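Before I ask anything, here is the structure I am working with.
Letters are used for the chains, namely A, B and C, taken in the order the chains are written, and counting of residues starts over at 1 for each.
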């Protein structure tokens, strides 16, 4: 067996490499991004690094056909992270290989020449184990960044990007981009908060803990109190912190699917019958407007 | 010129129930045009009106996808016509098989400038369908699209990414996956409901979609169980005491530092 | 008689539910608390086609069937009884008589504005001494050249605060038996001498702007008479026949909303270590409520279906209203009971639904009047 790891401008692929190693070596990383990134990707577990180039004024997505052409020459399972450009490059590979796609794997292994994936279905409401005879495209959370230290040399491949797309401008995010996925402490806020003006109460707790601030989907998408990259859920950020403090979040399936990996869950909610209560390690039933400031005070 | 919207007629998994053996029962969950796809249709409507293009919905799915109530529901959201392939053989089609069917439809329609999709499908959520569809068509694809405007030879797209707001100009046909908040979809009006039944519906057979791609073999299913939680209830009669108890417990567990902040 | 709803009727339900949950539900508690008429909802409901459902497309209506219209009232009332009656009174009581008794000129002049919600309509029949006994009305209209001069007072007029077009009943001939001397008029809000009183402070449907109307030498051209001289009582009674189904649908929707709230509460609320739904007493109430709703829905849909098919519907409509009004009071009471103490406070919606339901036993013909109508048809 062999496997491909597709890298799209971001070294956060530790989990992708781990899964690729389980599928079976040799592992070939296909990299779109800077030369430095290609060097970083040459990490333990990676046997070969193929660098397709620096996209310059092209979006990384413009390399999807090049990735497809590369993998179709020697078909094998292809893995990538879940970020937008990673998914597009993986899609290019899946299309070229006519390969099925599987997401949210809990476990991956090679068995008798088959790739066997244990994965969530329908947004993670149930588990399924599926065996694939031929190549398969696997999309998963990338995990922490890798930084070289492996033995593979970087080979540059002659690849060209689709010429029909050009990045004409990028206004960098002024706010620091949320990095909930790798945060070890997260405070999440839900619709139990009565008004956007009350956000500082929860922000103060996050600051006192040194935690990232996350939220439920309605807070980001309906109310737009926080940016969309801060909502935790099956369709949003998947987090696995050491502690997740849920403030005014009832704990719908969609949300809990995004924080299943948390080591400890603390819930602060007025409703002692909310679904989150049975899925918490510490339950504080009461008014968040008195409890949250009290916890903030207790921390300092 | 045609603008195409790929949509799914699917139930929301949140309304499904999962048996002890991990079998998912959708019998009590009603299929709908998901809110993500409704965003794509709404943006498509605006683009089609601005460019005097026809707005065509395409969908691949199980038998329910082709029922009159399903096609009318999609049409009532502002599509001019729909093309559907619905068959029991497509009910559990994976991303690649679905994308293959959609690609066959786009090629059959011809003269398509843009294919729009929702942010993700409610029933799988992997957000892989647009990239695979584009790969099969040999078209470029961009996700997380906030705004689209049509130019002389293509489109200009604004995307909200982690890195910031990115503008991309695209020449020629393209697949665009819209961000879930690209627009606020409106509920169909009463006139839209009545007009839906008068719009054209084209039905394709499974054979029209090309040979099926290999799918994996399901080895087993299971109910998803989260890690066991402790369920310790902290008395909140006195908020300060409750806070002290919680912070003490978290410090004892070594997950936060002794003076606040991260351990 | 089993009902198989058409695709369009099913889609009407899902489309109106989507609209109501997005645009009406968020303000339902607030307008009730503040006794505020939700004027911002009027253009929104107009754009959805909800203010001209049964008006033909020729007059800018949606041209839906009557059953679809009932489903729309049911769905809106499921989240807010006030909005339900706003649609119902505007459509069934003001637009309907113009559509059925108006001249082509009157229809072309008034219906497009009503059907799109550019102008809201209201129905002025009830007087201080003429409630159920409508034929006893005292408002007079006296002929003066090409005009009629109207004097008198109306009370409890739904939408009085925001309506622009009023269908008003007045006595034009005092010398014939009381119900034969009444005529109907279409009157603009801005007509000199026509004044609108203060909103009543009500138990429920608090946003629907219920006001008195005062007429002091209000001159209305003869071209604004609706129907023939002396036909007013027939216009009013025919209008109210159809209105009954609308109020029954409102009651049904309020009850449905309360039932769903109670079911959800019972599933989530844990007492004595188990969800409420495990208690037989609660199960029994839920079973009774769902049976009540199913029966009421059949009665409403049957009356609407008869009207759609051009058949006699007045008695089925009276039965639907007689059943659904008390049914809504019953179901909302049970919903409060399931909620326990929480049902009695404004944090939960069921106390509002309970208050909103009560009026459906009273307006557009009390329970007692419906019984009279039904009994009369049995004994004739």
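In the analysis below, a contact is a pair of C-beta atoms (placed from the backbone, for glycine too) under 8 Å apart; a residue touches a chain by one contact, two chains touch by 3 or more.
A quick note: this is a predicted structure, and the numbers were derived from the prediction, not measured.
Asks: When the mean CA coordinate of each chain is compared with the mean CA coordinate of the whole protein, which chain is closest?
Replies: If we average C-alpha coordinates per chain, B lands closest to the whole-structure average.
Asks: Can you name the chain that lies farthest from chain A, using the mean of each chain's Cα atoms as its centre?
Replies: Here the answer is chain C, farthest from chain A.
Asks: Chain A to chain C: how many Å between their CA centres?
Replies: The mean C-alpha positions of chain A and chain C differ by 52 Å.
Asks: Can you check how far apart chain B and chain C are, centre to centre, with Cα atoms defining each centre and the answer in Å?
Replies: Chain centres of chain B and chain C, defined by C-alpha means, are spaced 39 Å apart.
Asks: Using mean CA coordinates as chain centres, what's the gap between chain A and chain B in Å?
Replies: The answer is 18 Å.
Asks: So in the complex, the part of chain A that touches chain C is made up of which residues?
Replies: It is residues 271-275 of chain A that touch chain C.
Asks: Quick one: in the complex, what on chain B touches chain C?
Replies: 32, 68-69, 72-73, 76, 186-194, 196-197
Asks: Which residues of chain C touch chain B once you look at their complex with the stated criterion?
Replies: 7-8, 10-12, 14-16, 18-19, 22, 47-50, 53, 57, 62-64, 68, 72
Asks: Across the complex, what residues on chain C touch chain A?
Replies: 268-270
Asks: Contact residues on chain A for chain B in the complex?
Replies: 59, 61-62, 64-65, 68, 82-84, 87-96, 98-104, 116-117, 120-134, 136-137, 139, 162, 164-173, 177, 184-185, 208-211, 221, 224, 228-229, 234-235, 242-243, 252-254, 256, 260, 263-266, 277-286, 290-291, 293-295, 297-300
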